[in-house]
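Structures given as structure tokens follow.
The following pair of complexes shares a single chain, chain A, combined with chain B in the former and chain C in the latter.
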Partner chain A sequence: MSQAGATGEAGSGLTAAWQPLAGLRIWLTMLTICIEERLVYRGDFILGTLMRFLPIVTQIFLWTAVFAATSRPDIAGYSRNDIVAYYLLTMVTRAFSSMPGLSSGIARSIRDGSVKKYLVQPVDYVSFLLAARVAHKLVYYLIAIFPFGLVFFLCRSYFPPLPDAATILAFLASLLMSFLLGFFMEAALGMLGFWFLEVSSLMFAYMLVQYLLSGHMFPLDMLAGIPTGIAGVSLAEVVRWLPFHYTAYFPAAVWLGKIHGPERTAALFAEAAWVIVMIVVCRLAWWRGTRRWSAFGG
Partner chain B sequence: MSAAKDPVIRVAGLAKDYRVFDKPEGLLASIRGIFHRSSRVVEALRGVDLEVGRGEFVALLGPNGAGKTTFLKLLSGIITPSRGTAHVLGHVPWERADDFRRRFALVMGQRNQLWWDLPAAESFRLHQEIYRIDPARFARTRDELVDMLGVRKLILQPVRELSLGERMKLELVAALLHEPEVLFLDEPTIGLDVVAQHTIHEFLRHVQRERQVTVILTTHYMKDVAALCERVVVITHGDILYDGSLVEIVDRFTTHKIVTLDLDDAAAARHLERLGYPCEIRGPQAILRIDRARIADVLPEVLRGGGVRDVSVEDVPLEEIVAELFRSAPARPTAASPATAEATP
Partner chain C sequence: MSRYLSIFGTFARACLVRDMTFRANFVLECVTSLGWMAMNLAFYLLVFQFTPEIGAGTGWSKAPFFAFVATGMIINAIVQTLFMPSAEELTELVRTGGLDAVLVRPLDAQFLLSMHRVDFSSLANGLVGLGLLGWSLARLDQPPPPVAWAIYPVLILCGVAILYSLIIMLAAATILMGRNQSLYDFWFYITNFSRYPAEIYAGPWGGPLRAACTFVIPILLVVNVPARVIAQPLTGQSWWPVAGTIGAALASLVISRLVFQSALAKYRSASS
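The block that comes next holds the complex of A and B.
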């Protein structure tokens, strides 16, 4: 209660002229409350964070075995070290772009009717979810920074020397956009709940496609040799025109120098365009969805 | 009753059809479902007209699936109607203007706007920001509301640790922090014990009087209605069947009074049975249903036989009147039942 009072006093100077800031203040309050909520389940959170590191160990063993069995020094331009570095970097990217529970949570709130709270209150659902997700991520990084730091330290020999400043900047920009892209794609997916009562099957299909085409499974350069049936177009090129690879492959490829120069710049702009497209799709889905929604379930 | 002074809520020809889909399961079926789904139309609300004046406390009654909740959802802008118009505080609810949303509140029993894992005080703080409540005013309103409901000690405890009744009280506080002018309550006392029900009655009555809040309440408990509402609107099959005062409903829809007699012995019971009035003997008690117009003639006749220790004359219980009223509603001509619409998960 004293906390509520303190927040209030800080805001008492706000007048109508500060309207844009009022939106920011709501957002910050939502953020702090979401952080408090995340911290309630800190035990589960810490365990979940640590478990994420198990798959990487199996990947290192797998690719060590693959390279031991072949005499080739590299596969699709990736040496064994490159591959391990790639997987570690996609882990970082996925830490930004993956949105566990977002689409299923939206679909559930539509199905059980709890989304109506956001229709009744003068607050925007998508902004609210974004605040909640930023809070979620911040708490996650706070805990994950330690195991991440340890693993990267132990695996430092797999990495090429630190890239130049422009590459690091491009990497950071791509990470930030991968967060937004992941968020708005999953949010739009969750809003299918307005049209279909049961969307878990669709989400599973999306997850599979995402896993394959984002580069989470293997570096997408490996698709370069696979023809699509269209003359001269490989699967890798098709994948490059889709938004998925920005959520895992692209930032890792930028860091490892697989994409550079004007190609990198163009890809960053394309990623920004995808973010905008997905924001619009999300807005439209919300707008259309809430108008046709029947609010079943009380 | 229909022409209210200073109407806060004006509804004309409001109708809502639901399209109900038959939903198959599984991945393949889901994908097939994108292209084709079988559906049927259910009329949940069929052209309702209503006006509610400022400060009125209206009970919305009706059997399950009658369209009460649909009506409240339309008035609070959660869903858009199929036909008709509605204005609440001068706004069309389903346009969901922020200016409108800051001036009303909706409480649906057992559906929490409170954060499950956090103390209610945190949810209140969020409401302060969302509704842009002046801090001093916020603190004053909050303290007043929690004291009135006696829940001050509970607001720092995680909501998940509270009982249903405690949660409901805190839901009400959350809903009233921004001092709404219009309040929609959907079964606010459902599942609560008698004490909690009573507290909530007192609270709502006080809030409504002090602040001139316009309240629409749906409930299945006649205690709520008797304690709070002067005006009753009965909805069945998506139509308004009755709109008037609570007193009038009793006058209009009851033909009988209930006479209860405490009897001395079996001889008195036999005397009663000989008189031939509809009579039920339960141990030492006899319960008679007597035509209201004839009560003055019948009572002396009944008492003349002697052996009666005590007598009481009461109206038919409100539950019974309302149940009779629900049953008397003409069945809707369409094949689809509105109950299907609300029962769909």
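The block that comes next holds the complex of A and C.
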């Protein structure tokens, strides 16, 4: 049996990337293929979308019970209605920033060698994954808009009045950046597969940290009273220095008016900076990883 | 029966040998599993920073509530150790036609599909759950009476049986539909309802939800009834839920078995 060896060279992908129209055409083709692929299991997809609302239901009942047992009008500045609205808004945010299967898929393709086709074809792997993810999200929004619309209509009384245009624009910008941040963080994580054979435990650890520090579990303002040992610095402030809260807490807090004015502008710039940092980290990981990776097989 | 116990012992031994071959990975799995649990416990501690109990007048103050959480941890650890690793493989077996190889073996297909893999790292959560249970019970105003200690293990087994039946029903759906990753998500989402005391499901939406999760899919009986028996005073009214849970566990096992057999009868191989 003959054995052919392939050492990572991503150069061929660059040819298309430097020709704008050809690059765009390839990217659109990849997007179309991925949309068609996503629509194959439509029933499974619709069911999965509806199911995602179930954990929120328990959270709503839990916090309603908490408010029923306490005489406080609010918790960390959130009324009961604010908390319900917050959880619903984090659903929207997570619909943008969550990337199920991305890092594990990258690590698997590195481990089983299937990543080699992206090294010999004029297709950039990260761009392909981004196109696949955009396609996944587009199909998801296309289907999810109905259950999301229904749930938000039924729960409209929990929301404050519609915010001003600047807040809505800031919310949309934070959502788009949360998508990019989520994608490049997970892609960079998956590329650890170039250095470690098995990264599933690392991914699980990342998922834990992400779930806790993103604000998916509770509004991060609730950590304001918890000291860190550093004078005048609460746990909530430490969490806000990290990128994770942009993937759930931040857009929801912007819509609810918990973050506004110059603080909101500064946070948006910080989010943009984190996106750039993660793009660079992801590209560097790919560049370094493909140069040390090798595959053997017939 | 002894033949099946012996075969299960062989499966368990093989899984343990494999786990011990990759000891570092096993330890890491235990640690990450405990990390997930610690995160949830931290969340509950945070909630009790703002309230004396979960729901006004429900009796689920801090110590009883953590006994509730510990009960859930013990039940889930048993299910995750014994059944979930096998169930997670079923979707791929059906999709690739690997189920054929299972069906031609001279063993009960349900046994083979639901119990051939044992995940010992999940036991770590159960051990911590036992510790948390001891911590919580030591802080109760009234210690549980001897009769509560006697019924509690039985109700834990009933909770495990109800969850096992749910897994088998979803396995049957997998066989019928060919691919149903969402239905496995459904397992996680539906068991999410059992994570909190049933009393939180109140009001015009909560009432019907509580009824559905008690009488249609008896998921609210899984943790609530054993936890209530061990953490709250036993009264005359406590016996109805106890009897109901034992009945629901037996009925769930029988119904899931029938549904699974019916699904297998309709199975069409995916292999060439």
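Methods note: the second predicted complex is superposed on the first by the 277 of 298 C-alpha atoms of A that agree within 3 Å, B and C clash if a C-alpha of one lies under 4 Å from a C-alpha of the other, contacts with A are read in each partner's own complex, and residues count from 1 in each chain.
Definition applied: a contact is a pair of C-beta atoms (placed from the backbone, for glycine too) under 8 Å apart; a residue touches a chain by one contact, two chains touch by 3 or more.
Since the model is a prediction, treat every value here as computed from it, not as a measurement.
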Partner chain in contact with A:Leu62 - chain B first, chain C second, else both or neither: second
Touched partner set for A:Met51, first chain B, second chain C, both or neither: second
Touching partner for A:Gly289 - first (chain B), second (chain C), both, neither: neither
Partner chain(s) touched by A:Ile75 [first = chain B, second = chain C, both, neither]: second
Touched partner set for A:Pro163, first chain B, second chain C, both or neither: neither
Chain A residues touched - chain C or chain B, whichever exceeds: B
Partner chain(s) touched by A:Gly225 [first = chain B, second = chain C, both, neither]: second
First, second, both or neither for A:Ser201, with chain B first and chain C second: both
Touching partner for A:Pro147 - first (chain B), second (chain C), both, neither: neither
Contacts on chain A seen with chain B and repeated with chain C across the two complexes: 41, 198, 201, 204-205
Residues of chain A touching chain B in the complex: 1, 3-5, 7-9, 11-12, 22, 25-26, 29-30, 33, 36-37, 40-41, 111, 113-114, 116-117, 119-123, 196-199, 201-202, 204-205, 291, 293-298
Residues on chain B engaged by chain A in the complex (per definition of touch): 18-19, 21, 23, 25-27, 29-31, 33-34, 69, 73, 76-80, 94, 96, 98, 101-102, 105-106, 108, 111, 113, 115, 117-118, 121-132, 134-136, 138-139, 142, 155-156, 158, 186, 341-342, 344-345
Contact footprint of chain A on chain C as seen in their complex: 25, 28-29, 32, 35-36, 39, 42-43, 46-47, 49-58, 179-183, 185-186, 189-190, 192-193, 195-196, 199-203, 206, 209
Chain C-touching residues of chain A, taken from the complex the two chains share: 41, 44-45, 47-48, 51-52, 54-55, 57-58, 61-62, 64-70, 72, 75-76, 198, 201, 204-205, 208, 211-212, 217-218, 222-223, 225
